[in-house]
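Beneath this line is the structure, given in structure tokens, with notes to follow.
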């Protein structure tokens, strides 16, 4: 694809790791997250990608939306092939950074062993998990990351069930137990925060991990235009805390300014629709359960700030003329 | 030739550009260019958002240049305008409105201080000549805008100095004479030929002007007080409000009764009341049929005075009697010793129109030794008799075109009140001058005049997640004990305050260049342009790839993007 | 081609013994092959290893069913019938035992040569590892190759003091048996 | 220079001579000694390589895949269950045309668990698109390991070097490790056009739909078939350099006029070679050593079998419900012959059962028995009543 210099696309003042023409759904949070991660990481990287939506929608041969070298092998081995790429770079004395990517299925579940091995061996790899909380590529089945009570095709609500019976796996704590230099959670709703975390991880020579909350309009049952709104509410309600861990210890959190009830977040999504059936007493119970989980997060991570942090969950996305307030 | 499979099925970087995802779209994002509410509310037609944006970029001179494309007198309006822009400001619903008025004043003062030149518009020099009668705000505005359009403009005024009611009816405590001198002086230097001491009807006739000039604009103001009596009774020594104010402004003379009642609810009434109070008159009452601003008052029925001025007047001891009228004069011989007031209110009648109804049994008496009517003024008919034909005001359309009088235009206080274009303020007069200039230019260029008309952006169209609450600047006011007949009471912002306050602007309906659309497009279909894109945005939609998800529209903080269904 | 079978227990260096014997043969210019009959056994369980020595390349890779010699690193293994199975007629049995050759021969009713390999190793190496002493005795009995070949083979694995002690152990073990007693069998 | 070396140590030394950039492995009997020996070479500074001691065979293959794609010579080794755990990745490596070399220390597959040698593991992954070469002895294993990198890098196909577990891996024997200069002359540094490189950012591992998938499969097949000549050329070149052939695609020994042939793969070939020379048998027979199982050299097989009346195909694995895997394949390969020999298929030496020298004579009797596929060294007395 040749581009003339008159083409504004060729003159964008940012690196495009993920090019247009990919086939993600409208409003795809994962595509956005991947775009943000790769443009923050810059051109001197090599990506590996677990099987999943991201892999499928970016590389239907003969096309690829990637502008950086990219390698896909299997669902469960993104971290392992990244280990191999990194070992090869080391062997060759090349200094490009390796970024391994996977969805929550490929990270929390089937690819977890490879990830754990990669972290334990201290490969110089940034692993990015795009967390959309279910197996989306196969049509929305529950994963270890699916939140409690969420509806998926394998955790449907019914007479005996109210969506997923189990809890969302606390992956970050498991990652923390590997004692790696840096791990963080981020969200597409806070792109500046996400970019900062990517840059931070890129600077570290060693294994780092980023969990990026990436709404899936199809799987979560919301309009594509609401992706950011919903991701923002996940953070603001405390259901998806944004934290940074250094060597397994909490180093910082994005504080919350005000308590937003989880139902504000839940009611926007089809996957929680069954929690708003007034005639079902279980609905309220599950909503309260989810609120308790959010409250637990707030307490555990000390999410409530003193209201003075301009970059708390209310202030971190503030804009001004010429760009974001926090560049 | 079909594409051939390669070794290992690899793909080239960015080759996805061959796949045009724009075909997936059922709705497309467009830049909507809604007006900021401030713009919509401005009688002068200023686009405050536009010049605030330039201030946000740190370009005060450019901001002033943008401002004076509609209003050439910001140092003046920045002091006397009741600033409906601030009342309309969306930020008022979020925390507090932007202090547009103060920033405008600061810009006007900066222009004077730095002697910034009025921007010159390009275009051919026009041979046509236009006469402007009256060098008040309307006439000055018309003269300026026509000069900008390269017409030969001759500005006539009966007085020796330009300014009209700015000089004759506004106290220097509100508008220092130095500001009038400086700003109008600079304005007249833009190429306007000013002929002072030339009164219509006395020194020139309208017919002469119409034959000598290609168009004539009448900005003669309303110089004659409206007839006032109470059931036919008029005190022998009646002084009308405007006349008293003019006299005081001209020579400093003022009658000194013990107690006075001023009847009326406009600037003349309040200005005069404050002047009289400061002159040491013990009891200064203002009786007005309108209400004071407050939660229970109908917005259509509020005193036509800047709220701050009203507060200051009350501070200074002026006693207001809202929703009242004078029912009866209590006379001792031909001298007034008191007035009887009665309560009234504006209520809808049977036809749904609102009219004032007084309530029997609510009469009260004020003991005063002077009553001053300030119920408004009408056009002085001198020289305009056959145009005015017994009417109080000149009948015009929105462009100031006088019915049945081609080539003759009017604006400012001299014209009829139009529902969409209320007059009675300096800003409205400036707006009239500007629209009339457009109409004159259109007439002489044989085209239809145009006035930009865009819907204002509603508050609900903003995405407030992207704004942080921040307090409005507070501006200095002269302490009560320091107030006198000359010192300006209201202070303006300093540079730092003005620049900081400008940053609070939401940029309603217009691109904030915040990068949100560019940052949040999952499809890389928003492109940032190095120069400002043609439509005033900093971004282009690449419709070859835009899938129409609507994220950019939803996350645009300022409502600049909306989704439009594809045909 | 000479085929040897070595019996021992896991942890006694049985496979090492086989590799050492084969390597020693290699050091004298012969072809060799050594391999364990590996099981999933752990320390203490009976294990077997095989050695083949020949002038020509050795191609067969089956287990040694009919060895000319049996080296038994632990006399207790003699109680297991399979230990002595398949020995060629006239073949030699060398046993690590504190008892005398006569006593063993009497007890099992067939000729055996005993060497107190564990005691020797404990004495000289400070560790009860019988394999080197047993191999040394075996080389002395057969005269197949000089003790120096075994020392060379050991030199691939050990250096310095450990090698010196093993060399002394070899010398000491050599004197425990009648040199050349099995020479005929070895050349049959 | 000849040395007495354990097979695993020899393979480690040979692989080290090939200067792999990345070695990844996970321990499994009987492959373990190979990895241990490589680890020791690395620890002693005798091998400069990125040794990645992974957490599973699955990751071992994945690391090799990643390393190869990133332009490094990559090596791994495994056995049995480990090969099966790698299977997904093995298909990927060949599908992406990555020249990884893997040593398969052949071992049976459970259940029941069995750590001893047969060919069940490499047979289970015969369709994964790798070149598979079998070795009769440790010298061939050494030579084939070095050749494997040449073949892999010339064809951009992965190569699996199959050597029998224990029988080769744990056997110390006399062999020669070529010196470093010789290997350096034979094997140039690895250059990979499709290498992951920010300066030329390709996407590897794309999605291919129905409109092109058949073409990818066709090309994979063609690539394997074309690799036959590379295998022959590379071996010939090796022979010129060292005086040793590792067996080309296949080799035939025995009297020209023999009417019976025995076809086998792996270490039993070594035993049968001795038997052919030393056992006195009534029948004359040829021994066909099939070195290349993938690609299966159909034409070479037909040439080797010309003039035979009977061919006994010796399997070291079987496909339950079908029979011998190699037997079935040879039958298919020879089916185009004008005078196709009668093919008799037996399996022997499953799960480490010893294959004695006398097995050769037993095999020569098979054509007279006309009994179909069977496990020849089965001991019927050990069977119970019910299948």
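Chains: A, B, C and D, in written order; residue numbering restarts at 1 for each.
Operating definition for what follows: a residue touches a chain if its C-beta (ideal position, glycine included) is under 8 Å from a C-beta of that chain, and two chains touch if they have at least 3 such contacts.
Keep in mind the model is a prediction, meaning the values are calculated, not measured.
Enquirer: Can you name the chain whose C-alpha mean lies closest to the mean of all the C-alpha atoms?
Expert: A
Enquirer: If you average the CA coordinates per chain, which chain's centre is most distant from that of subunit B?
Expert: In terms of C-alpha centroids, the chain at the greatest distance from subunit B is C.
Enquirer: By the contact definition above, name the pair with the higher C-beta contact count: C-D or A-B.
Expert: A-B
Enquirer: How many Å are there between the centre of subunit C and the centre of subunit D, using C-alpha atoms for each centre?
Expert: 34
Enquirer: Approximately how many whole Å separate the CA-defined centres of subunit B and subunit C?
Expert: 114
Enquirer: Rounded to the nearest whole Å, what is the centre-to-centre distance of subunit A and subunit B, using the mean of the C-alpha atoms as each centre?
Expert: Chain centroid spacing, subunit A to subunit B, equals 50 Å.
Enquirer: So how far apart, in whole Å, are subunit A and subunit D when each is placed at the average of its C-alpha atoms?
Expert: 44
Enquirer: Where in subunit B do residues touch at least two different other chains?
Expert: In subunit B, the residues touching two or more other chains are 9, 11-13.
Enquirer: Which subunit C residues reach two or more other chains?
Expert: Not one residue in subunit C touches at least two other chains.
Enquirer: Touching at least two other chains at once: which residues of subunit D meet that condition?
Expert: Residues 96, 201-204, 206, 208, 212 of subunit D each touch two or more of the other chains.
Enquirer: On the basis of the stated criterion, which chains touch which? Give every pair.
Expert: A-B, A-D, B-D, C-D
Enquirer: Spell out the residues on subunit A that touch subunit D in their complex, using ranges where they run on.
Expert: Spelled out, the residues of subunit A in touch with subunit D are 43-46, 48-49, 55-56, 58-62, 64, 66-74, 76-77, 80-92, 96, 113-114, 116-117, 120-121.
Enquirer: Using the touch rule from the top, collect the residues of subunit D that touch subunit A in their complex.
Expert: Per the stated touch rule, the residues are 21-22, 24, 49-50, 52-56, 58-59, 62-72, 74, 88-89, 92, 96, 196-198, 200-209, 212.
Enquirer: In the complex of these two chains, what residues of subunit C are touching subunit D?
Expert: 15, 18-19, 22-23, 25-27, 31-36, 38, 40, 57-63, 65
Enquirer: Where on subunit D is subunit C touching in the complex?
Expert: 2-4, 6, 30, 115-116, 137, 166-168, 170-174, 267-268, 270-271, 273-275, 354-357, 359
Enquirer: Write out the stretch or stretches of subunit D touching subunit B in their complex.
Expert: 95-98, 156, 194, 201-204, 206, 208, 212, 215-216, 219
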